[in-house]
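The same subunit A turns up in both complexes below, where it pairs with subunit B and then with subunit C.
Here is the complex of A and B:
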């Protein structure tokens, strides 16, 4: 490659990177800039004042509570979905029954329905059940939305663990359930962690369900809370939105970093035949 | 030491695959019992029914004359070694071996003593701290045996435990396993498709095909008195030769005719066949390669043929001799390597031939 080629390649890379990174860069610059505006600029006197302002209420709620609400909703939905998916996948992989194939197909097709299509009926039903405007309501809906996908992942994962291990454990003295809990469950741990993480990230970022179900600012999760920053006082506080966006991003990145290490160890170390 | 008895066991997998067809067996105390047959013959299913991993559609299973048909595996007090060994990947070797004892809630020092004892016996003491994936095939095999041994089970069930080892190690482990079983006198049911394994290890063999037990007997019995064409063909290497022939009486002599050959057989044998199927009927002659010898042209009952293929094995040579359209395998001394196409005369040891009914495939003599 000639000199011109190298320059062209570098230019191309810079263009691609900018495409992905400039929005992120704006977010980071703006978060630490007390005078942040819509333009991309390096803060002249960087400070944490935008983060401090997040403790001041917007309407009836302090923005920090939205992060907390998101943590509650996402971790509860992810945990619930993982446990339920494990039970379902266990039955689907360790027993055979009529309509097994049809069930799997059904799970896939459920996942293809846009969330907004299901969200409206859910809202109507919740009205009767008193679940509108509650965190439980969002958690239940998210769990239901995640489940098909979670079951499919765990189904594949459990199928990869030979039943011989469970059979050996049953001969060694375990009951059927005991063999599952003592042998298959520890072997499935990396799969469970994966499902939990994916579920968490879905629920963390999901906007439609809480937008329709939650009406009170104190119960709002972060995804919807971002909306409240603009327009309330007629003007947009860019610095505060950027600071909040960073806080909103951090937990997911942190969880991923932690679990990534675990996943590598888990997948490499556990299942080998 | 225990007895195992199967009473009319039938297993049908839905929709209607008959895996095991009315099998009855009695395995004696301390016996090394081999279920032998080709893949899909129902031997593994039979073993899994004894273990309790599979429920028979019909029939009962008894261990020490106690009906265990409806008991789950853990209440049968048997140990099993799987083809893949099924060592728990997330546990160290020590914990793998200790697992059955922990489930029985033995005191810690007793568990430790027993694990170390059995590890010493199988020479895997230095492996206790490793994970199964860090072990070689032979080592994993030993750990699987240790786990099966550690709790003094009533019986050992083994599902092709040697088939995942390389050939050399398999021969070593074969002898070792046999010695161990004789030393500990544990009733053992061993499943294999390898007739050499069955012949070398078994006290008794049950030959199975298509879900049925065709013959039960000592290795000597099933080798020398096969009750069906299948048993004769499955056991022995190279297998028994089978030749379709016509049985007839010429004057006072009984003869067997095939190709252009007419063999005069001993009159006692002839009478016996005559009583069973009558003269003029079709039969199948079965003869093992070692019961055929080279002969000279003028000898009585010498059969002319020509050398078709020569297979030197080192200790002996297998000659393939073509008689008309029939190829017969025979064992000769290793020094005897004849050129292909050479005309030879061969002779059947007529006291050693087996006569089968081609319709029922069962032995007449």
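Here is the complex of A and C:
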């Protein structure tokens, strides 16, 4: 590759980088700008006013409580999904039964269904089930939406752990499940942590289900809470939206930087699996 | 002693009873995914509404909702625009840009300052592209609202200070925003696919005197065809079913721009859930066809590999 090629590559990267950086820059600038607006400008007198104003109530709720609601919903769904997925993945990898292939196919399909298609009937059903406007309702739906993906990841992970140790333990008198729990589970811990984190991130960012189910400001998660910064006539409180966005985004970015390596392998698996 | 008791209990889940452990997960998916899908089909054949008398006493109306939809010019516009949006933002935008980034990412850096600049730029760009993919969709939506609102960066750049880019060009706005949001997936997928190609293949082509274009066209592209097809189908499914990003940026006034906004508008804003279900079911059939083609493709790829 000649010098011209390198310069072309640098020009391409600079163009792409500015396209991708501008929205993020706006968010960071506006968050620390007491006079933030839609325009992209470096704050002349940067301050934390926008973050302090997040402690002032909007309607019946303080914006910070939305983060708390998201924390409850996301950790509950992630934990529930990880435990149930582990049980299912144990059966799929350590036992063979008829219809296993069909089940995997079903999980792959479930993962690809647009959420709005499921959210609409769920909203109607929840009216009858008494789950409308409850955190439990969101948690249950999120758990179900995460499960297909969680099972597929764990299935792949558990297949990578050889069964010889388990067999040795079984010769020494362990039950099959006992051997799995005592020997393979500790080895699978990194996989479980990854699944939990990915599930957490999904639920943390998911918008459609709480949008259709939750109607009370105090029960709103952060994803839907952002909508409350829009006034009745469409005017937007840009400073507070940017400040809240940063608080809401930071945990997700931290998690992804932690599991980045795994993720690249996972995406690669989409082609070769 | 306690361990032995535990093992006795656990040994119950051996043989045929092991399948019992799958039950909770399957029950969850049955109740909260499969049943709602069936319920949506059922609702679409009734006159159910969120409020009013039809919320309690709704009756079977046959194909009435479906017939109504095909006479609704807004719905037909929404379908057409969904295809335009998907084609331009997923197929053209994300795939081409993702492939370009992946190819640049695996370029060798030469010695000297230029090589160092290239290396740093590569790392920074890939990281920023990655971040734009992992931040919550709602946050991405609001960032793009600000840029395309009157006075926002993009509006000022393309329309002058007094006009809103988002309002004048809603389709272009969601296309640009969605390419921004989704390119990382294609990039990561292509980087992984390029890494799986053994390097001696490139070297052989280089030694034989192939130009960079020839190497791309006759060596890399054929080897990537499987990955490209997988990428195309997956991002088509995601883009075609996208709700959050387009709804946050455009909202119900632009319901003809994407079918998911139309469904939300009819079901939530107009309370006509049965009609919205019908619309959602029609579009889901298209998504289902894409899902099936993905499954068939994966099966084929596995057989080749």
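Worth a mention:
Everything below uses one rule, namely that the second predicted complex is superposed on the first by the 239 of 273 C-alpha atoms of A that agree within 3 Å, B and C clash if a C-alpha of one lies under 4 Å from a C-alpha of the other, contacts with A are read in each partner's own complex, and residues count from 1 in each chain.
Just so we're on the same page, a contact is a pair of C-beta atoms (placed from the backbone, for glycine too) under 8 Å apart; a residue touches a chain by one contact, two chains touch by 3 or more.
Fair warning: this is a prediction, and the values are worked out from it, not measured in the lab.
When the shared chain is aligned, subunit C comes close enough to touch A:115, but subunit B does not. Once the two complexes are overlaid on the shared chain, A:172 sits against subunit B while remaining clear of subunit C.
Judged by the touch definition given at the top, the superposed model places A:48 against neither subunit B nor subunit C. By the touch criterion defined above, A:16 lies against subunit C but remains apart from subunit B after alignment on the C-alpha atoms of chain A.
Once the two complexes are overlaid on the shared chain, A:164 sits against subunit B while remaining clear of subunit C. With both structures placed on the common chain, the touch criterion links A:187 to subunit B but leaves subunit C unconnected.
When the two structures are aligned on the shared chain, A:60 is found in touch with neither subunit B nor subunit C.
Counting the residues of subunit A that each partner touches, subunit B and subunit C differ, and the larger count belongs to C. Of the two partner chains placed around the shared chain by superposition, subunit C is the only one that A:253 touches, whereas subunit B remains out of contact. Residues 173-176, 178, 270-273 of subunit A lie in contact with subunit B in one complex and with subunit C in the other. Residues 162, 164-165, 167-176, 178, 183, 186-187, 269-273 of subunit A touch subunit B in their complex.
The residues of subunit A lying in touch with subunit C in their complex are 1, 3, 5-7, 9-10, 12-14, 16-17, 19-24, 26-27, 30, 37-40, 84-85, 87-88, 90-92, 94-95, 97, 105, 108-110, 112-118, 120-125, 140-141, 143-145, 147-148, 151, 173-178, 181, 201, 204-205, 207-208, 212, 222-224, 226, 236, 238, 241-242, 245, 248-249, 252-253, 256, 260, 263-265, 267-268, 270-273.
Those residues of subunit C that touch subunit A in the complex are listed here as 3, 6-8, 10-11, 13-14, 18-19, 21-22, 24-26, 28-29, 31-33, 35-37, 39-40, 43, 48, 50, 97, 100-101, 104, 107-110, 114-115, 117-118, 121-122, 124-125, 128-132, 134-140, 142-147, 149-153, 155-156, 180, 185, 188-189, 191-193, 195-196, 212, 226-227, 230, 234, 237-238, 240-244, 248, 260, 263-264, 267-268, 273, 276-277, 280-281, 283-284, 287, 290-291, 294-295, 298, 301-302, 305.
Against subunit A, in their complex, subunit B makes its touches with residues 51-53, 72-74, 78-80, 82, 84, 86, 88-90, 99-100, 103-104, 131-133, 147.
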